[in-house]
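Working notes, structure below.
In order of appearance the chains are A, B, C, D, E and F, and numbering begins at 1 in each one.
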Amino acid sequence: METERQVYINGNLVPESEARISVFDMGFLYGVTLYESLRTFKHRWFAPDAHWTRLERSLRYAGLAGALTREAFLRILDTVLEANEHLTDPEDDLWGNIQVTPGRTRPMPLLGQEDTTPTILSYTCPLPYSAYVQAYTEGTHAVTARFRAPSHQSCDPRTKNRNRFPHFLAGRDARRWDPQAFALMLDPRGCVAEGAAANIFFVSDGVLYTPHARHVLAGVSRLTVMHLAQQLGVAVKEDDLTLYDAYNADEAFWTTSSYCVLPIARIDGRPLAGPCPGPLTRRLLDAWGDSVGVDIVGQARRFAR
Amino acid sequence: METERQVYINGNLVPESEARISVFDMGFLYGVTLYESLRTFKHRWFAPDAHWTRLERSLRYAGLAGALTREAFLRILDTVLEANEHLTDPEDDLWGNIQVTPGRTRPMPLLGQEDTTPTILSYTCPLPYSAYVQAYTEGTHAVTARFRAPSHQSCDPRTKNRNRFPHFLAGRDARRWDPQAFALMLDPRGCVAEGAAANIFFVSDGVLYTPHARHVLAGVSRLTVMHLAQQLGVAVKEDDLTLYDAYNADEAFWTTSSYCVLPIARIDGRPLAGPCPGPLTRRLLDAWGDSVGVDIVGQARRFAR
Amino acid sequence: METERQVYINGNLVPESEARISVFDMGFLYGVTLYESLRTFKHRWFAPDAHWTRLERSLRYAGLAGALTREAFLRILDTVLEANEHLTDPEDDLWGNIQVTPGRTRPMPLLGQEDTTPTILSYTCPLPYSAYVQAYTEGTHAVTARFRAPSHQSCDPRTKNRNRFPHFLAGRDARRWDPQAFALMLDPRGCVAEGAAANIFFVSDGVLYTPHARHVLAGVSRLTVMHLAQQLGVAVKEDDLTLYDAYNADEAFWTTSSYCVLPIARIDGRPLAGPCPGPLTRRLLDAWGDSVGVDIVGQARRFAR
Amino acid sequence: METERQVYINGNLVPESEARISVFDMGFLYGVTLYESLRTFKHRWFAPDAHWTRLERSLRYAGLAGALTREAFLRILDTVLEANEHLTDPEDDLWGNIQVTPGRTRPMPLLGQEDTTPTILSYTCPLPYSAYVQAYTEGTHAVTARFRAPSHQSCDPRTKNRNRFPHFLAGRDARRWDPQAFALMLDPRGCVAEGAAANIFFVSDGVLYTPHARHVLAGVSRLTVMHLAQQLGVAVKEDDLTLYDAYNADEAFWTTSSYCVLPIARIDGRPLAGPCPGPLTRRLLDAWGDSVGVDIVGQARRFAR
Amino acid sequence: METERQVYINGNLVPESEARISVFDMGFLYGVTLYESLRTFKHRWFAPDAHWTRLERSLRYAGLAGALTREAFLRILDTVLEANEHLTDPEDDLWGNIQVTPGRTRPMPLLGQEDTTPTILSYTCPLPYSAYVQAYTEGTHAVTARFRAPSHQSCDPRTKNRNRFPHFLAGRDARRWDPQAFALMLDPRGCVAEGAAANIFFVSDGVLYTPHARHVLAGVSRLTVMHLAQQLGVAVKEDDLTLYDAYNADEAFWTTSSYCVLPIARIDGRPLAGPCPGPLTRRLLDAWGDSVGVDIVGQARRFAR
Amino acid sequence: METERQVYINGNLVPESEARISVFDMGFLYGVTLYESLRTFKHRWFAPDAHWTRLERSLRYAGLAGALTREAFLRILDTVLEANEHLTDPEDDLWGNIQVTPGRTRPMPLLGQEDTTPTILSYTCPLPYSAYVQAYTEGTHAVTARFRAPSHQSCDPRTKNRNRFPHFLAGRDARRWDPQAFALMLDPRGCVAEGAAANIFFVSDGVLYTPHARHVLAGVSRLTVMHLAQQLGVAVKEDDLTLYDAYNADEAFWTTSSYCVLPIARIDGRPLAGPCPGPLTRRLLDAWGDSVGVDIVGQARRFAR
């Protein structure tokens, strides 16, 4: 058995250290990489169907509808899981990624490139617990970015793609102020959009608020939290939210495929009114853990390095 | 001497077919690649200083001010030229590219990546004459895209970067209508911005118009044409231009580093009023050729394959 | 009985070939014509009350509240129906139109015109089956326009009026690409608005979506489809929709007073994911036909010329 | 000789009282009428070439480039002048209009209309002195409209067309406040655009300001005033202007083809700071009169009824 | 007992005529005054808790979370009520106000000011019946302002603060047209926002509409009316509303803490379609009165001076 | 002679500690205070005429044209200077302020207030050297605000007024990151506008850039610098500038009436490329000092406490 992680590239498994793409790949040249990130619970991928639905839509939006089938998507995810899970403690879990690009082009930017064989790649890695395990109890500092999330008039934000320069800039800026901060991005109208790699939720007067899916990357974790809230009898509203909503929230938290739910303690240097983590934040994280049979925070603490 | 083109990657020259970057490179993961494209005339790079000035600004905007020095920039360009020019006819010329990314990250999107050694890569390739040689006499068809150029509020369009999903979508859409069409992009306000990989100029009542540098990738070729026009005594105006200006232009043309100046015959299926190529378009292309001692169109015809 | 169609103009019936308005009519001079289009089923006007409600609002918005009463509206519609229905097969139906303008002005644009007697005109014509009968089975090609629907800040789009230059431009542009295409217009924010003369619906995950009435001409056919869907137990959502929603729809269709429901097969050259016509599209068209006792598609096929 | 004015319609001269267009003309149905308004000085049309240039651009924008030639344009204007000038005192002058529509369509809105013979019509009428003669000395009251001028994203404002519902609404609203008021329209950004049928100028610190041509109907009278100002050694700036500029102007005036230059005394009920008419306003009107050999105000006073 | 009204300033009660703040108070220097206005019914403050909730959010938004506690807020309101109610007839009621500013600064604008002791002030006054009592039966004239309500990108409109220059300008402009008019403000998108000191409601087809709380000062009276409507079984919708909705409303009314509900008879000179006050307007005002045991209109008539 | 500074209020001089305005003053209630800030050089006011011109325009915009005359403006400034200059070292200078509000209202917000006697107040104070003297050599840190400068659609930014809540929020936020930081505000379009109490300039390739006066408070110091630059033969351009321009500037500096010219060393944590203070920044500050015969930096150092 391999002792190095294996990466799937166009039908082959190659060691992580040799996992490369051509410098003429359109994913690299134009940021045209459609992808999904997901994690396992008990070594099984979480919500692969929801991820496929979104990837299929991303591909169709990009005019690459035929690049991947549902069957291939699921098979490739299983292939990388099988090839790598022996490197992960049975009580620990993995994070994974699958990516599709239009493939190689002739190396001139946007002039005359022809449709080629898409590039499909997929890999797993350990969950990056050390980046967030402390925040389960202390909360994160959300710092509003100067760089706005892209407009749906340029490229619909629901299309999960690698065209993420503004998110990169936002993250760097947030860490210039506070090395532990997470960036919070506004949409082109100045409404709250999303984190640099996560969705955001607010609790106010017992209601759970999150921006409309239309203006953000509509996360599978975001949907999971909305469903869990409904099961807990908590009202959920998608709405246009501003910094007024953010600064006045009773609780706030991020959702993404790795940490699931991560509390926010401060926004732009202003502590939120309620305790951190807030009671509803806790309940949602517990409910998620119950639904998958994993103590999410406990696992993170145990395996954090 | 090598019979395969050599690509510069972080200090090494590797054959083109083996030129790859890690799948964990932030250039690939977030579209954060700052780059310059340029060509030679008589096997010498054209306007390398102007390209450096722009790249330096792109790097500073991205918070990567220290990733490359002017000296290294010029030396790397010379290195790839030297390593590859024997593959090019002495009367022919080369096109080249130099790219900078923040380097590898841990493979989780935007969570906890650390500053690493930037990736620097550079390559040359033949000028893609066959993609445009016919258009010197027949003109191109410019098709206005449904996808808008990104807003300076997300990422300033003057920063030449690989975050070009909207441009990719625009190009595909243009070719869905007319396989020979070039995409014309509007800015977020609906004003004319630029081509998918070129700047645009219009001639109206003897004046040369082009969009403000502020809303477009401010091309070195664009500046060259502006200087040539001034030498020819032609007034040049940067302005906010709309489709009314486009449809009513007497002449129109693209500028980019490969073909220099390429006439436009039709916009959105509407033939322009004047002859194609228009008289000023011709004069500018001739003046450019004279200034570098190359018959630009003749060279393209001779070496087109 | 007349063998030529009769047009109602200010109290008189005149033959269609002589139906003219003064070149000084403000409807012609400023596009200030408020109107309604409707059709018959079994030779009775469909939903005349809903049409009156909308026309009354258009008139009030235009400051012409007193130009027409509900009674006159219904009487005039009956007059033109009575005068023309003998020219239509009893199993066929008619399309009709009623228009109100502020009347004649002194012939100077917008300087000193005085309130005059409004111009009221109404006519019928055969349903233009040949323009759409094939599309019931093959679907139409929707092509997104470069010209945006007007803003409510200029003139509220819910006001059905003849100020339709952008729609005219959009239609021409769509047919430049594909002579059979129908134009799809975006609103000033770049969200999906409406066709050049129809509303649009999308089906996604079993839910029926259509743009908010606020940004479109709120069609009576649109309302009819929303009511039919509710009767069929299908959820209907008015929302802000983008090209992402359009390209990823399972089904899509137009609604307007002539063809009622017309399937869309492709949008901007991209085939939709599902079959065309889609199952819900069919059910809605059937339900409409059932509710009025007319086989809508069968009638179109039989009487198409 | 005819004692009634004659209107030119598609090659024929018909008496004004019988001058009608089909109710199925696309000019009426969609507001798609491209036109020019102009006046005579000493019974000769003023600046017909400048009017042709603009009309040609309007036609090209509308996709109707071939509907009219320069020669036909000039000949038709001469025809209506010749046919009507005997009704005008030799010392008086005429106002005229020429209009082009795409012609008749089948009477269904925007569905399947075919290109037909364009409708060309032209007429003259007396200058409407009574509507403005008093304002030469007293100034007008400009009232900012609630309805914005249309965006260039819908239909470029430089295209002189009959799609003027917002202008109609604006005029009515202005007269609701003050029966003598003229409407002042803002552009979609809230900057000053134009009157309902005129351009606007402001004088501030001796400089003449007017909105950029890009956001307004770029009037021939506007150009005339700009040229006259240059001859008088007065600096002219096209700029983005707001209500702050308007309320703080030393002088302000309208320009249009009938009254040429008409002073503004008050804006939104606020008297301007300087005298009305202001000294530069007077000088420009005098210079215009001198250039055409007509005492413009004197003529208006003499022939006002 | 005092015969002059007493104003609470930072712990002291001072006579109204001597109630002053330092000219260096930041409330005066930067418009940074967070406040609440409310009235009594039967000499008891109406909805003090709802007012505290809003003030707390305003303070947190302004970064002044610690400036006032709920207990102090309630105690101060009681203090001014107690000190002044003997000046008010037992059957009459009072209006009151409580304001918080960041306190005094060094007198240089925005340079180096330090956090100081906040200024807290509170006062009562007679209800200004004469300004509105007639409008209960005749309705008001709402005049749409040229000055837009501020954007949430500058300062969230839900933050009740004294930065109300646009509202001041709007009010003056409305009264320039009609001395009795109330100003109606649009939001930055041109949608209906609010009055200069009130929220607005429309009734259309039996449904009660009001702008989303997100774009307006979310009034406590507005919430009260929404709750009363629900109790009456009337559907209430928060929506984006335009002048089309305003001009076509069956009924319209203002809400604010003094007059509670005040009917609108005309908007921009256009009479509304229905009677004034409308039946639902009356029912809501009656229901409010019933809920507090006061004949609101009767009281206003009796005590108007 | 008084040992306490004297403040001018409506015709009287009162000691600073007793300088108060009524809590019912509309300047306090609605932020409607129009004002000017200026300083002396050698105990004479700098550019009082330029300040009057701007104040006059602010007053006219606010509908308060008659509240103050030029003569009264100059006389009041002289009065406060005379009353206070004995408290200032002959080699030191003073800063001053003059403010106009609409006066007292009845204490209900925006309901029925009547025009009253305007409040005029004026005061002087020591120049706050300690807040900026170090920055002459070290430069300031400019931090881009999350709160946008208000739109000209709400209240034109050229109107110098006390409606400065967004500026207050911006300043607080900047100091949350870096206690020494100065806030930099963006306009509603996301372009660079101004500091919280200063204008901003950039130097790039030897050209001096500053935002258009239209989107900022058009400072008298800003004008002074533009004139000085012209005298030094330096090109000055007013333009739309973005963060790309800011981050890539060779030099940057603030201008305001107290410190005149103050260099910027870092923007959003990014050091500028050139030395700080930059050579042109130094030359401009020196030229200003020369023109008034004061060593501006030397004076600040000598009298800083």
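Everything below uses one rule, namely that a contact is a pair of C-beta atoms (placed from the backbone, for glycine too) under 8 Å apart; a residue touches a chain by one contact, two chains touch by 3 or more.
Keep in mind that this is a model prediction, so the values were computed, not measured.
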{"item": "Interface with more contacting C-beta pairs, comparing D-F to E-F", "value": "E-F"}
{"item": "Whole-Å gap between the CA centroids of chain A and chain B", "value": "33"}
{"item": "Centre distance in Å when chain C and chain F are each reduced to the mean of their C-alpha atoms", "value": "57"}
{"item": "Mean-CA-position distance for chain C and chain B (Å)", "value": "45"}
{"item": "Residues within chain F bordering two or more other chains", "value": "63, 148, 151, 153, 173, 190, 243"}
{"item": "Arrangement of touching chains [line / ring / star / complete / other]", "value": "other"}
{"item": "Touching chain combinations (by label order)", "value": "A-B, A-C, A-E, A-F, B-C, B-D, B-F, C-D, C-E, D-E, D-F, E-F"}
{"item": "Complex contact set, residues of chain A against chain B", "value": "7, 9, 19-33, 37, 62-63, 95, 97, 99, 102, 106-112, 121, 123, 125, 128, 130-132, 147-151, 153-155, 161-169, 171-172, 188, 196-197, 258"}
{"item": "Interface residues, chain E side, partner chain A - complex", "value": "57, 60-61, 63, 65, 151-153, 156, 158-159, 212, 214"}
{"item": "Residue ranges of chain B touching chain D (in the complex, touch as defined)", "value": "190-191, 239-240, 242-244, 247-248, 270, 273"}
{"item": "Chain D residues within the chain E interface of the complex", "value": "144, 146, 148, 173, 176-177, 190, 243, 268-269"}
